[in-house]
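Below: a set of structures, written as structure tokens.
Each of the next two complexes has subunit A plus one other chain: subunit B in the first, subunit C in the second.
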Partner chain A sequence: MKSIRPWSLFRLAQAGIMSRSSCWLLLLGAGLFAWLAPLLTPWEENPQIFQPARAQAAWIYAWLALFTWLPYQASALGARMRRDGVLEHLRAGGMKPWQQCLQLSSALWIWAAAVVGVALLVCLVFTRPARAEEAALWAVLVCQYGALYFLCAAPLLLLGVCLGTRTAEVIAFLVPAGLLLSGLFGAVWLAPLLGGSSLAVFKSVWLALPHYHLADLTPRLVFKMGPLNSSDFFSSAMILLLQGVALSILGRCLYRTRS
Partner chain B sequence: MLPVAVLAWWGGHLLQVRQTAPGRAPAFAVPGSAYGSLAARLIRDSLYSYWHGGEGSQALPVKQSPSAPPPPPAPGRFARRGQPPPPVKTAAPEESAEDVGGLDGWVDKLARLEKARTRRNSIFPLSPAHQRYVDASATTRLKLAYALDPGDAVLYEVLYFHLASRPGPLTAPALQALTAQAMQYGLRPLGSLSDALTAAGAAINVLNEQLQGNRPGSAEGPAVLAAREVLKQGLARYDALHREAEQDGWWEGIPAIRRAELENHAAQLRRIAEIIDKTLPPAKPAGSQ
Partner chain C sequence: MSASAILHLEKGTCFGYRSGPPWKRQDRRLVEVGAPVKLGPGLHLLVAPNGTGKTTLLKTLAGLNTPLEGKLVLPAAVHYFADELKADPELTAGSFFRAFFKKGSLVRAEKLAADLRLDLRKQIGKLSRGNRQKVLLILAEIGAGAGEGSFLLMDEPLTGLDAETRAQVTALWAGAGAGITRLVVMHELESVAQASSLLTIARGQLKHAAEKTGATWMDTYQALQA
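Coming up: the complex of A and B.
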């Protein structure tokens, strides 16, 4: 059997997500959260904190989505497709597992990109600084943040999809969320203990943790610290990229088409 | 393929990155931001509850020195910093609650029940070990709240008072670090009204500390001169921001109760500053030290 249309699995997955319509709630929630959360803060006493608080809310929402909705949908999608025998069917039709992986993950990457898009919109349209030079720096910073966030999100979602095709949905959801948790919070909390230790073993353990904290540029937004140096940015991006490649390879090894 | 994955995972670190171990940079920049301020206010309820050993609110110990902090504000979620302590509870309102009928009566009854929920009925006092636990819990909450909102003038004063009231070998350095951080944070560019008051309060604490015991020559020491300068700058900063707020119209946007608190706190600090100016020799202009 030959698939009639290109990217048929992507279309199928996308139709499945959109027919469940929680994806629209996700985007609506992003707008509402960025709109309402700053109003809860005591901004009346210091109006200068209001716009940074809005940008901060938009990005916190993006990270929250990466902890909850996105990995959950990834694992559910992988499990659903495998259970229904779609993957086996397409495999028999000649579609390579790599292609299946990519097409299924792309259906999630679009929504991760949409959440980033909302955050970019909030930052570039609603909270842009008044001075032109500062606004240019702000735009660079926001684009850097978007790129780093996506470098974190894409491999985690791919891993979620692949795990979904092999194990239970809950496990496939918890593994990417746990990796993200350890990379965002664990690596920073353990830094004085492990990274600052004199023992090479502890240092290696710390280096081996995921380093998603490198992608969290929220402090630079909130305290208007300007964009990262390009060398630092590319180093961070390279670390995240290579760790993402490793996770993707791991995901591919775990991918299973047999229903 | 898996060895490739392992290589890729480690590969990033082989690129000779200038990746220093990050300090305690918290995720999502919550401390010091608008949400940190919000969270610090939300922690207050439980902080006061522990502070008073589970009870709602009480009159606090009398202040010892002119620069002793104001008592912790009455419990309440929003905009209650620096409130004078509520009047001591009397039985009067409870009696009158029985008189009114209808909706008001029900509301009063519910309020009474809510108060009764946190009233101590046990005839036994807290054991020393339990008291230590409650104190430690209050301290943890206080430190967390102050870390979330380092510009909160009242939280700063309460924390300073709390640290200073337990003497030990580590007290002096801790206090020094706290005041230095508060002064630096409060006078940073783009600080708020409350930040400026925090810096001024910290300067007064430093002066109090330095001038203790009337050591000869202590009034001309560099620490004293620097603190007087910070005090002057903090109050000037507050006044400038206040004027700006009135001109731009956002002063009226601050809740009235919060405005009154800021003004009361500023007035108190100004009074202490005047006393200091009267008692100490006139400070030389800044930069002459």
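Coming up: the complex of A and C.
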């Protein structure tokens, strides 16, 4: 299919997302939320909280997007492309399932990156500390946050797309959202019970849980604790990367082109 | 034709699907090749009653299923247009083509759209059924048109088109793309005057007529089914 663009599925998916317009509302909402949410705090009593509250709001919005709009779009995209026979058409033309998977996921990774971009913009331009040394540490922390967030988002969206091609849209939406919920909050709640247990079964369950709480650096931003040291950052990144690889392999196994 | 044939089907090649749970898979044979079939560039019609295995045959030729018996080698770029293939209704036809085609191909797609009187600025979901079908026909023609040795498989592509557009499309098939092999499933035999051959499925056997055996392809079809 030489006359067909090599990234035609990505372009088609992207055109479909943009034609539905909600993506622009997502980005507009990111800016508005970071601007308006801090106004709900008692900032008049203590104006110093205004700047970290704005940074916190920007990242809360990014996590909210990863709970809602992003997995919904992933599941809908996978389901729509399979139902319409586009995946089968391209498969017959020689596009392998992993290439399709990559192109569809890339169409969503761009929007996850855009949400991270808005959060970075808010943190680096509007809430950057005035003192130079503090600002440098703040910038490193924000970049670390962006990288870890993306390591969580990318495989979850890939899984959402793959599940969308296999099962009902609602399941394809709920699975990545549920994994994110358990990884962000469940793992923290269960840490004393499972992580500290001497029983091998409990420890294994603890290890098997998604550990997305490692990517949540909001408290470090709010309390200006500075960036993670490089060994902590790389070990967190490695854990999230390995989890991401496992989810991606699972997603690829579930991916289906047949309409 | 046989010298440049793209598709060779050996006698005994079987098409169908496997059904049942993984531990108890059963072959469901639908079509068997009765005599060797060779298809080269040109328009080949596949006409058969409903439920005889036309779509299964097409899917297998497209590489989406494997034959139950025999081997299938296709030294061609395959373009498969399933009956259920749809373009995203939220897109305009223009943005749909821009997603698929590079510059030169895009210009050809726009010209063909103008010839077929298709509005590229209108959302696909707001087009009539016939016009939505035109979008896919243009995708098929331009996608296959650039490559020599393309094998175009289409499942009922004329459904929903008016008589005038049918005539335009069949004229296009007859005239354009000398290197393209088209295998088209259809029921509207009366709208095709020029075709290279006709295939049909009669009592589970794939039958091929390289030439008309009567005045029309309908006569040929009826002769093969008899």
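Please note the rule applied: the second predicted complex is superposed on the first by the 256 of 259 C-alpha atoms of A that agree within 3 Å, B and C clash if a C-alpha of one lies under 4 Å from a C-alpha of the other, contacts with A are read in each partner's own complex, and residues count from 1 in each chain.
One rule holds for everything that comes next: contacts are C-beta pairs under 8 Å (C-beta built on N, C-alpha and C of every residue); 3 or more make two chains touch, one makes a residue touch a chain.
Given the structure is predicted, the values throughout are model-derived calculations rather than measurements.
Put subunit B and subunit C next to each other and count what each touches on subunit A; the higher total goes to B. When the two structures are aligned on the shared chain, A:94 is found in touch with subunit C, with no touch to subunit B. When the two complexes are overlaid on their common chain A, residue A:226 makes contact with neither subunit B nor subunit C. By the touch criterion defined above, A:47 reaches subunit B but does not reach subunit C.
Legend: residue contacts after superposition of the two complexes on their common chain; A:246 is shown touching subunit B, with no touch to subunit C. Shared interface residues of subunit A (contacting subunit B in one complex, subunit C in the other): none. In the complex of the two chains, the subunit A residues touching subunit B come out as 37-38, 40-50, 52-53, 56-57, 59-60, 63, 184-185, 188, 191-192, 195-196, 206-208, 211, 213-214, 216, 218-219, 221-223, 232, 235, 238-243, 245-247, 249-250, 252-253. Across the complex, subunit A is touched by residues 1-2, 4-13, 15, 17-19, 21-29, 32-35, 37-38, 41, 78-79, 190, 192-194, 250, 253-255, 258, 262 of subunit B. By the touch rule above, subunit C contacts subunit A in their complex via residues 62-64, 77-82, 84-88, 90-92, 95-96, 98-102, 105, 142-147, 153.
Those residues of subunit A lying in contact with subunit C across their complex are 1-5, 8, 11-12, 14-16, 19-20, 80, 83-86, 88-89, 91-94, 257-259.
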